[in-house]
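To keep things clear, I will list the structure first and then write my remarks on it.
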Amino acid sequence: MASDSTDEHVDGIVRRLGEMGLSGHTSKGAERTVIGVIGVGFPNELPEIIEVMPGVDHVARITKSWKHASREFKPTDTIVKVRDVEIGGNELVVMAGPCSVESREQVLETAHAVKAAGARIMRGGAFKPRTSPYSFQGLGEKGLELLAEAREQTGLPIITEVMEPGDVSLVAAYSDILQIGARNMQNFPLLKEAGRSQKPVMLKRGMAGTIDEWLNAAEYIMSEKNFQVILCERGIRTFETMVRNTLDLSAVPVVKRLSHLPVVADPSHGTGKWYLVKPLALASLAVGAHGLIVEVHPNPDAALSDGPQSLTLESFASMMDGLRTLAEPLERIVAPGTSRVPAAFAQVAV
Amino acid sequence: MASDSTDEHVDGIVRRLGEMGLSGHTSKGAERTVIGVIGVGFPNELPEIIEVMPGVDHVARITKSWKHASREFKPTDTIVKVRDVEIGGNELVVMAGPCSVESREQVLETAHAVKAAGARIMRGGAFKPRTSPYSFQGLGEKGLELLAEAREQTGLPIITEVMEPGDVSLVAAYSDILQIGARNMQNFPLLKEAGRSQKPVMLKRGMAGTIDEWLNAAEYIMSEKNFQVILCERGIRTFETMVRNTLDLSAVPVVKRLSHLPVVADPSHGTGKWYLVKPLALASLAVGAHGLIVEVHPNPDAALSDGPQSLTLESFASMMDGLRTLAEPLERIVAPGTSRVPAAFAQVAV
Amino acid sequence: MASDSTDEHVDGIVRRLGEMGLSGHTSKGAERTVIGVIGVGFPNELPEIIEVMPGVDHVARITKSWKHASREFKPTDTIVKVRDVEIGGNELVVMAGPCSVESREQVLETAHAVKAAGARIMRGGAFKPRTSPYSFQGLGEKGLELLAEAREQTGLPIITEVMEPGDVSLVAAYSDILQIGARNMQNFPLLKEAGRSQKPVMLKRGMAGTIDEWLNAAEYIMSEKNFQVILCERGIRTFETMVRNTLDLSAVPVVKRLSHLPVVADPSHGTGKWYLVKPLALASLAVGAHGLIVEVHPNPDAALSDGPQSLTLESFASMMDGLRTLAEPLERIVAPGTSRVPAAFAQVAV
Amino acid sequence: MASDSTDEHVDGIVRRLGEMGLSGHTSKGAERTVIGVIGVGFPNELPEIIEVMPGVDHVARITKSWKHASREFKPTDTIVKVRDVEIGGNELVVMAGPCSVESREQVLETAHAVKAAGARIMRGGAFKPRTSPYSFQGLGEKGLELLAEAREQTGLPIITEVMEPGDVSLVAAYSDILQIGARNMQNFPLLKEAGRSQKPVMLKRGMAGTIDEWLNAAEYIMSEKNFQVILCERGIRTFETMVRNTLDLSAVPVVKRLSHLPVVADPSHGTGKWYLVKPLALASLAVGAHGLIVEVHPNPDAALSDGPQSLTLESFASMMDGLRTLAEPLERIVAPGTSRVPAAFAQVAV
C-alpha cells in the first residue's frame, strides 16, 4: 500500500479480494502495509486489477501462470521421441537442411550429405513466413512431398514449419515434427491446433519474447494434452546491427531449470551469418542445449531464402566434427559422421 | 568492397549480379571500391546474398520493399470510409468500448455512453489473444452478436479483432472493420485472408515491430487488392517497466510522411494505465493522429481483461471534452458530445 | 518459497534476515509459503541476496530506492528558479539554441532570434560527447565565453553540458544550469560533483535507462543537498531505425506522478529529424511537459554536429507559434514572441 | 534520391559535397538516381547532413568510423601483456575475485583460492558504480591497498575499476589493468585519461551499446597512443527479466573478425545468477573468448554487492576444472589448478 494509504483503502482491497473468492493477509509495518494473497487459480489479471485501486502503491506477482511446462509439475526431463531419435536426453540431436525447399535435387543432395555428416533430423521449409509479400513464399505441399521423399531415401525424420491452423493437418500428414516459427509464438489458434494434432511440436521463441511468454505459449500446446513439445532458442532482437539476431544462450540453462521440456538452439537464424554458425553451435553444446537446428544448402549463394546464414555441405561437416570433439569431455553424444562430403556433392561445397 | 578486396572479387560480384539479371556499376576510390546496383524487382534477399561473398565489406539497401503502401505510389491521403465515418481526413475519429465483450448489459451501456460522449466507432473484443491459455479467451460469436446489437441501437459502426484466417468470414459478417492485433502483425496467412475479405482492416504495429515491417505487413493486405487499411500505433516493448508498453508517437508523423494510409493511436494498450490515457490521447491528437482507439468499461475494476487500462464512462467523457478543446487550435474536428454520462449509467462511474 | 521448500529452508531465510537486523513474517498457504519483510533502510541488494538461498522461488521488491526525488517525500511540485525563469510551474519554458557552439556570429544570431520567438533560456554545447574521437568535440571554455556573451546581450539564462567532475566548477562559473547528458546519466562522480555545485542541474534520461534508474540518478544529485533538479526526457533507444531515438512521452506523466521534480522534453535528440520536432513539441505540451529543449541553428546544413535535427530560425518561430496556439486551451503559458525572424537573419532560414 | 527528385536536387547535393571538399558520383537508373561519395576523412555527420536535403530519399554509410581498432589497420591479433600473463593468445586467461573489496581477510582468502584453482589475474572493485547513492560505494584507496597486498602474496596481477578521470593516476599506481565499466563505455573524458595512462585498459561494453559504439570507445583510448586495450562482453540489456543481462556470445566472434583486440567475457554480470556462470563460462570458451572475468566470494550470501552472481570458492574451482576439460579439444590452454580449496578456506564453501 502507498505510504499515505488509509485503513479504508486496506479494507477496500481486502473486500475486493473477498468478492473474487480470495483472502488477503494484511501485515502492517512502521512505514508500509503489505497485503499478501496466497492461493490457487486466481486470475492472471489480478495484479493489474488491484494495482489501480485507491491506496495501492505496487503489486508484485510471485507465482507463474504456466503449469504443465514447469519442473514443479514434472521434475524429470521430458524426452521427445521422433521415430528412432530421442530429443531431451544425452545426445545432442542435430537437425539440418535448407531454409526453403527449392527443388528435388537440392533437398535430396542436402539430405544425404547432412545424414553422412551426422545429422539425425532433416529440416526444410515448405511454407515460409516472409517480411515482404513479394519474397519467395515456399513450394507448399509440393515441398512437403519432396521432404517425405528425402525421409524415404535417408531414413531421417523431418521437421517443417506450419503457419496457420488450417494447414496443421496437411503438414502433420507429412512431417514428423511441426515447427512453429518465431513470428507465431503467440499465434494462439495455431498453438492450440498444433496441440490437437498430437504430433511433436518445436516451438521457437519470439523475436522479442520473454521466457515467461515462451513457456506460456508451450502451455497452450500442452493444454491440448500434447506434451511432446521442444523449445527452440533462435535469437532475440537487440540493438546490435552486426548480427541478424542475438542468440540468447543463457536461455538454455534458464529453461532447463524452470521446465522439463527439451531445448535446442538455432545458430543460423540466431546470428544470420554463416561464419558465426560454427562458434555458436559449439557454444550451444557447451551451455547444455539438447539439440541444434542448422541451415545447410548445397549452394548458399543461390538460395531463395536466407542464403547468407546457410552452411555449405562441407562447412556443415566441419561443424559436426567440431561438435563431436567437444561432446566427449562434456559427456554428451553426437552421432558419428564423416567429414568427407559424398563424392557426388563435393563439387558444390565452398 | 573490403579494403583488401581484389579485382577478382569485384568481377565475382558483378558476374553474380549478372546471373540474377542485374547490372552492377563499379566505382573505384583511393581507399575503397563500391559497386552499385540500380533497378527494379530485385530480390529482397539481395543484400544478404552479396554480403557473404568474398571481398565484400558491407551491403546497404537503399530502396524499400513495400510499394502500394508508399506515398510514392499514391501521394494523396487515403480516406477509409466506414458507413458514414471517414478515417484519414480532418476529423479525429474516436473508437471506444470495452477490451472484451463480457455481457449484453456491459456492451449496450458502454455503446450508448461512448456515443453520447462523441465516439464514432464502437470497439470490443470477442476473440481475445491472451498470454496464458487459462485467461478468459472471449465470448466468440456470441460476442459478435452483442456488438451487432449495439450497432443497431446506436448506429455506431463496429471494430473487432480476428485472430485466425478461418474466422475472417465469420468476423467480417458482423464487423465493419477487421482488427489485426499486435501479436499477429506478421501472421501472413491472416493478413492475406483479411485482404481478400475486402473489408476495411486496422493493422496494429507489433510489439517489437519496426515501421518498415509494419508497412510490409500492410502490403500483404494490399497485395490482395484491399486498399482500405488503417495503421494503429499501440505501443512498443521497451525496458521501461512502469508502463505496459511505450506509445511511440513519433511513429505517427513518420508514417504519414512515408505512407498515404491513415494512422491512429491506442493510448490504452500503449500505456497500460488508465491515468495515462487522457494525456497520451491529447498528445496523439497534437502529433497528428487520424484517430484514437480507447478502452472504456462501465466498471473497470471488474473487467475480465485489461481493467487497469480502461477508462470509466465519466473519465472517457472528460477525455473527449479535452480533445474537443484541443482540436480547435489544431484545425481538427472531434464529434460533439456531452460530458454528462446518461443518467442510467452515472452511478457506475468513478 | 518454492513449492518443494522445507521448513528448514524457511527457517534459514528468517535466520538470515535476522542476521541483517530484519524480521521476516511467514504466511503459509495451501500451495505456497510467502515470507514478507517490512521495514526501513534495508540494503538494495536484499532481493538478490535472498533469491539464491535454498528453497527460494522468487523475490519481489515493493519499495523504491530513491527518496528525496519522490512525491511521498515532497508532495508539492518543485519550481526550479533560474534568474527570472521558473521551471516546473504553469509556463512551458522553451530552451533553444545550437547543438554546438561554433562561432560568435552563430551564437549571437541564434540567441537574438530564439529570444524574439519566445525562448526563455539559451542552450548551446561547448563540451560535446561524440561517439567517435575524430568528430568535432566542442570549443571548450571559448564556447562558454560566447554563451555568456549571448546572455549579456539578450538576458537569456544559459544551459550547457558538463562532461566530467573536473569541469564542473569551470562550467558552473559560466552557466546558469548544468546539463548532464544521456550518456552520463549513471556517471555517478559527475552527478555528485554537480550536486555539490549547488547550481540547478538538468539530468537527461539515459538511452536505455529506466525511470527508476533516472530517479536514482537524480537522487545522487539530491543526496548532496542540491534539490534544483530538472529531468529531461530525450528519447530512448528502440529497434526503430527511422528515428534516431524514440521520444517516450508517457515518461512525462509517469514522472510527474512519482516525483515532484519538473520534467522537460527534448524533441530534437528525441527524434533526430528536424521535420519531427514541431509535431513532437506540440505533443510534449499536450502531455504536460514543463518545458522543451530544442536545437536551432541559423544554417543547419552547415552545422558541425546534429545538423539534421536542428530547426532553422524560421521553423523555430513557427513551432513557437504552434505552441502558443495550443497553450491556451490547455491553460498553460508560452512566452510571447514574433514569428518574424529579425531582418538580419531572415536570409538564412529555409 | 527520391523517385520524384529533380536534376536541381541532384546538382544541389553534388554542390554541397563539393563545398565540403568531397566529390559525388551520380548514377542514374530507370527508377532511381544514386549519388556515391568515396574518399577518406569525411565527417561522421555526413549521412545525416545529406539525408535532410531536398530530393534525398535515404543515405547509407559504408565505411566505419574507427580505425586503430580495426583489423584492416592491424591484421594480426594484439597480445596484451600484463606482467607474465598474455591476453589475446592461445591461453584462456581467467580473472577472478570479489565484486567489491570488503576486507583484508576476504581479499586474501579469495586471492589464494582463485590462484590455486588456476586464475591468472585477481579482480576486485574498490570504486563501485551503484544505481542508488545509498548502496555501498566501495572502500576507495583502502581497497586498492588490499588488492596490492593480495598481488604481493600471490603474484597475481590485479585489475580494478576506475570511475572518473581524476582517479586514473591513483588507480594506475596500484592496478595492472584499468577497468572501464559498462556505464562508462561512453564516458569520453575517462576513456581519454585512461588512454594517457599508458596502462592496459579493459573496456566493458555498455548495457545498450552496439559493437560499433564499443569499438569507437576503444578508439578513444587508442587515439591517445595506448594500444593495450582488452574488450569485455558483459551482457546487454534485453526484455528478459529472468537474467540480469543477456550475455551476447555472438559478439566474441564478431569482434574477433572486425578487430585485432582481445575480447573476454563476463558471465557473472552477463547473467546475474551464480548458477548460470559455469555453463556460460564454458560457452564463452567454446565461442573463442580470449579470457573470462568471474566474480568469486568466500561467502556470497554476505557479500556487500552482487552476492547472487558470485561463485563460492568451491564452485569456482569446479568451473575451472570444467574449462580445463573443454580446453583440450579446442586446442586452448587453461592454467593448471586444483579443485581442492586450500584447507583454511574449505569450510566457507557451499
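Residue numbering begins at 1 within each chain, and the chains themselves are lettered A, B, C and D in the order written.
Throughout what follows, contacts are C-beta pairs under 8 Å (C-beta built on N, C-alpha and C of every residue); 3 or more make two chains touch, one makes a residue touch a chain.
Keep in mind that what you see is a predicted model, and the values were worked out from it rather than measured.
At the interface between chain A and chain B, two copies of one sequence, more than half of the residue numbers in use are shared by both copies. With B-D and A-D as the two chain pairs, more C-beta contacts join A-D. Our note on geometry: chain A versus chain D, Cα centroid distance of 30 Å, whole angstroms. Chain B and chain D have centres, each the mean of its CA atoms, that are 40 Å apart.
Counting only residues that touch two or more partner chains, chain C has 208, 237, 239, 275. For chain C in complex with chain D, the touching residues are 16, 43-45, 48-49, 51-53, 65-67, 129-136, 163-167, 183-184, 186-190, 192, 207-208, 213, 216, 219-220, 223, 237, 272-275, 300-301, 303-309.
Residue ranges on chain A touching chain D, taken from their complex, read 208, 210-212, 236, 238-243, 246-254, 257-258, 270-271, 275-276, 279-280, 282-288, 325-326, 328-330.
Across the complex, chain A is touched by residues 2-4, 25, 27-32, 34, 36, 38-40, 57-58, 60-63, 72, 237, 239 of chain C.
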